[in-house]
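Common to both upcoming complexes is subunit A, partnered first by subunit B, then by subunit C.
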Partner chain A sequence: MKNKFDILVLIVLLLAAAGWVYTPHDPMEQAFLDDRLSGPGAENWLGVDGLGRDFASRVWRGAANTVGMAAAATVLCLLVALALLALEQGGPGWVRPGVRGLVAAWIGIPVLFVGLLLLVFLHPSVPTLVLAASLGSAPLAFRQCRALWLEQRHRLYVTASITLGASRGHLLRRTLWPNLRIDFRALAKLVFALCVLELSGLAFLGLIGDPDFPELGSLLRQNQTYLFRQASLVVWPGLVLFVILLLIQLSNIRNSGTRIG
Partner chain B sequence: MTGLLVPGLVRFVWTAIRLAAAFAAVSLFLFLAIRALPGDPVALRLKNPSPAQVAAERERLGLDRSAAVQYVRYLGHFVSGDWGESVRTGAPVVRDVRQFLPATLELALTALVLGVTGGVVLGLLAEAARAAWLKRTVFALGMVGLTVPIFWIGFLFLLAGSLWLGWFPPGGRAGPGIEAPAGTGFLVPDLLLAGRWGDAGNALRHLLLPSFCLSLLPAAQVCTTLRARLQDPRVGALLTALRARGLSPAAIWLRHVLKLSAGPVVTVAGTNFGILLGGAVLTETVFSWPGMGRYLVGAVLERDIYVVQNALLLVIMMVLTIVYTSDQLAGWLRQPAGSAGRERDRGGAG
Partner chain C sequence: MFALIVHRIFWLVPTLLVISIISFTIIQLPPGDYLTSYIAALEETGQTVDYERVEALRQRYHLDRPMSVQYLHWMGGVVRGDLGMSFEWNRPVRALIGERLMLTMIISISTLLFTWALAIPIGIYSAVRQYSVGDYAFTFVGFIGLATPNFLLALIFMYVGFTFFDVSPGGLFSEAYEDAPWSLAKFGDLMTHIWIPVIVIGTAGTAGLIRVMRGNLLDELQKQYVITARAKGLPYWRLLFKYPVRVALNPLISTIGWLLPTIIGGEIIVSVVLGLPTTGPLLLNALMNQDMFLAGSMVMVLALLTVIGTLISDILLMWLDPRIRYEKK
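The block that comes next holds the complex of A and B.
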């Protein structure tokens, strides 16, 4: 990994995911009822929330949940985008403009409204939010995948491989994938960042179902009433979210060769 | 002239067809989604109805007819503005939308104006300036604007602007006791038109912080797009040619560079307006802004079906109309600039 931001992103994501196996205290247990809304200290690094729970543990578990949900949404989003691409490129002629038209309309609808559309008939829950974030980002992923595919498929090395009798599997695995890998990884990072942002936005609006679920956006919602009394309860979850998003963005910029300044 | 009108007309017809198809798809989705909900919509409208009342209401609403007929009736009611009553507010949905939509539009439009102006100024400043620190500062601001969650930065703005500095109120659309005069529904212009300057100032102070928060993303996108456009080698060659002709820097940047950048900026602004309406939902929650976003989220969570199937359809169609229209406008802006440029080039060569 030549890009230092890639390494930083990996470290931050692994640290966040560690919140599933370790937190300083139980993030759901009201173990510090006497210290409610107290500030950071040795026992409670980020203080105690309004219900007497260790806030560092809740932020850590929240980061793990956000990252996990966004990873699931990213995989689902890329699968939907690839399925659409297969349909558009390999399907019958009348399907192609249909897929392109669908994506053109779909891409104009903000993810939040996609989420609201889904919530008309699905109950607010973690899987619904994951589905909303993945479907909301799918048109963008489809367009990027399509651009990558169209750029590569008529290259000379692909034609040469086909002429040499490569099977479809061999062509995809050995010929195309090594050339698509870097761009696809950048796309996956972009989609992941979008999913993190959209999921936490939807959770912030209370669309996650369980109002007590530790997720970064949901933590902001739970603690917004304490903004003027104990600001750190609002500052920390958002700061963690911002750091994750900023590092991914910087990593993608560095990979695309854009110079800062 | 005809050469410009015919493609423009074709694009207009194509946009109208795309919008009609999107309207059919979204309305059908909402219709089917609401039909898939468990429970009887009649029970939502009536309190403890008798079987006879249920039958009469089902007949009145057309729920005893086929699905196709019900869908056509739904479209008819949507177009004619017969949107039923909200279960939550007890008021006609049309009246609620007339109250909440202007609040959201006022917020989003102010944010768009702030964002586009700020983005253009920062983008031009970064490209025109020679100082590396300025370029880096603009880049850093762009990064923050593109990545920061607006529902978090909103809280930071509230902390700084309201708690620490005390310059802005902590939320809402206007101070207590300020009644909105009849008019456009946009509070600040309505108060100004009514000559209530003090109240207008109060409403403006309520508007500035949320709209500034919402403007960060469009500002960053406009700035990034503008810089990418200006770093195009062809633009560099044009600037050299204009300098060689003896034009002043102000004339070059304000007359030529701004015109060149108008197309991409309009596209970004149009695309962003949809995102702004989505973002407005989050900003409204942070700043307790009584807008359409909070109304819709509440309606979806509480299964207020008449609000969902009409107001949500209206907002999504508004977003798509703006996105498609801005695409068309950007195409129109690009075309005359290119034609004019070619004509000038031919004139110059001759």
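The block that comes next holds the complex of A and C.
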């Protein structure tokens, strides 16, 4: 991990994920009803929200939930993209143009719209949101994976490896993967950033089901009404969201080899 | 080129027909219909249900008939310009989305122009002056733009507007013009309010396009035809704008088709935050409440915009790049 931003991203994401294991107080318990909308203090680092809950705990748990959901959506998105790529490259002849046509139409649908359409026949919930974010980002991931694959498959080192009798597993693991790893990691980070953005957007619209669920987008929505009374209730979740996204973008500067196919 | 455009317009009809079937199927997928949900909601809150009216509505809109019959009735109406009734608003869909759609289009086109007006010159500058202070500064500002969700930016604008300038960034018109008929003065008033949503919606897109433009132009500048032209003594700026910039613009133009629905997608959240009277919040409510005619019509409109956007981008590409023109002949 030569890129210093990669290390910083890892630290920030681990720190955010720690919100599942530890928070100063219970993020759901209304333990500070008398101190509602109070500012930062020794007991409540970031103050207390409008329903008497410790806000630092809610932001921390919210960051953990956002990061966890985005990670799940990223894995699902990449799996869908790779499955589509396998179909498009190795499937029967009639499937290939079908996959390309599907992706061409799919990429024109905004992620938010995919989420809304999914919510028409699935209940608003965390899994639905994860599914929406992953399916919404899948066409982009597919096109990037395809570009990477097409670029590498006819290279001399691949031909040499095939000529030497490498099995399909060996070809993928030992020949192709070391050359694809950096670009694939950059792609995973790009998809992760997209998923964070989309998940927080959908949660901000209240499509997460439970209105009290701590997630950075839903925390912004819950506290939007206090914007002019206690701005810090909006500033903190917004700032955490911004820092996570900025660090991921910066960490991808050096991996700008990833391109849209 | 004219024959190609006519050919593409001819293909719009079957494309839209397929999209209309898909849109209608999606809207019909959830179990029950708006009336079933409406009855359930009334019964839950202990209110009386007027079953006669419900039955009349069911028969009027053929909700008791198979889906194919419902689709044919809906499409028959669409062809005649009747998009059906919104159950929730109890108003014709056409009237409901008419003005909102126009405002959405004004915001979308303004955002598109704003994005390009900033992204293209900055992208060119960043590529030509690669690794200069200006390039680093624009790159950093671009990353900040990419890392700021538009709903967060909308909240920041609201806070700064109210706290420091005593201005409300919400809405698209002053109170005096809200319900006034369209006039030059009303349009002028819209222009004084529209810049906030345009900046909020367009920031992330601008940042992204700067990166794309910079990357495309850097790729072009390294090609041999550029070196040859320079070696032959062609002035740098003339060469730059005549060849590499034109080629670098191609991927930007090819994204128009996706950009329009993407802007409308982004507009949904911003409109909810800033209270804008556009199609976004209407679509959100229609989808969540199974208001099928309203939702179906709006999905159709979005698809139509995508198809028209793709057509425009294809025509522009053919006009801009002779290679594409000759290839298609």
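Convention: the second predicted complex is superposed on the first by the 255 of 261 C-alpha atoms of A that agree within 3 Å, B and C clash if a C-alpha of one lies under 4 Å from a C-alpha of the other, contacts with A are read in each partner's own complex, and residues count from 1 in each chain.
By definition in this document, a contact is a pair of C-beta atoms (placed from the backbone, for glycine too) under 8 Å apart; a residue touches a chain by one contact, two chains touch by 3 or more.
As the structure is a computational prediction, the values presented were derived from the model and not from experiment.
Student: In the superposed model on subunit A, is it clash or fit for subunit B and subunit C?
Tutor: Clash.
Student: Could you say whether A:Gly93 touches subunit B, subunit C, both of them, or neither, answering first, second, both or neither?
Tutor: neither
Student: Look at A:Gly101 in the shared chain and tell me whether it touches subunit B only, subunit C only, both, or neither; answer first, second, both or neither.
Tutor: A:Gly101 sits against subunit B, while subunit C stays out of touch.
Student: Could you say whether A:Leu119 touches subunit B, subunit C, both of them, or neither, answering first, second, both or neither?
Tutor: Both partners.
Student: Between subunit B (first) and subunit C (second), which, if any, makes contact with A:Gly165: first, second, both or neither?
Tutor: In the superposition, A:Gly165 contacts neither subunit B nor subunit C.
Student: Should A:Pro178 be classified as contacting the first partner (subunit B), the second (subunit C), both, or neither?
Tutor: Neither partner.
Student: Looking at the overlay, what does A:Leu245 touch: subunit B (first), subunit C (second), both, or neither?
Tutor: Both partners.
Student: Output the subunit A positions appearing in both contact lists, the one against subunit B and the one against subunit C.
Tutor: 108-113, 116-117, 119-121, 193, 197, 200-201, 204-205, 217, 220, 224, 227-228, 231, 234, 238, 241-242, 245-246, 249-250, 260
Student: Which stretch or stretches of subunit A touch subunit B in the complex?
Tutor: 101-102, 104-105, 108-113, 116-117, 119-121, 124, 193, 197, 200-201, 204-207, 217, 220, 224, 227-228, 231, 234-235, 237-239, 241-242, 245-246, 249-250, 260-261
Student: In the complex of these two chains, what residues of subunit B are touching subunit A?
Tutor: Per the stated touch rule, the residues are 18, 21-22, 25-26, 29-30, 33-34, 36-37, 132, 135-136, 139, 143-144, 146-149, 151-153, 155-156, 158-159, 163, 170, 271, 274-275, 277-279, 281-282, 285-286, 296-297, 300-301, 308, 312, 315-316, 319-320, 323-324.
Student: Which of the residues in subunit C come into contact with subunit A in the complex?
Tutor: Per the stated touch rule, the residues are 26-27, 29-30, 139, 143-144, 146-152, 155-156, 158-159, 162-163, 215, 251, 257-258, 261-262, 264-266, 268-269, 272-273, 283-284, 287-288, 290, 295, 302, 306, 310.
Student: Which residues of subunit A touch subunit C in the complex?
Tutor: Within the complex, subunit A touches subunit C at residues 107-113, 116-117, 119-121, 193, 197, 200-201, 204-205, 217, 220, 224, 227-228, 231, 234, 238, 241-242, 245-246, 248-250, 253, 256, 259-260.
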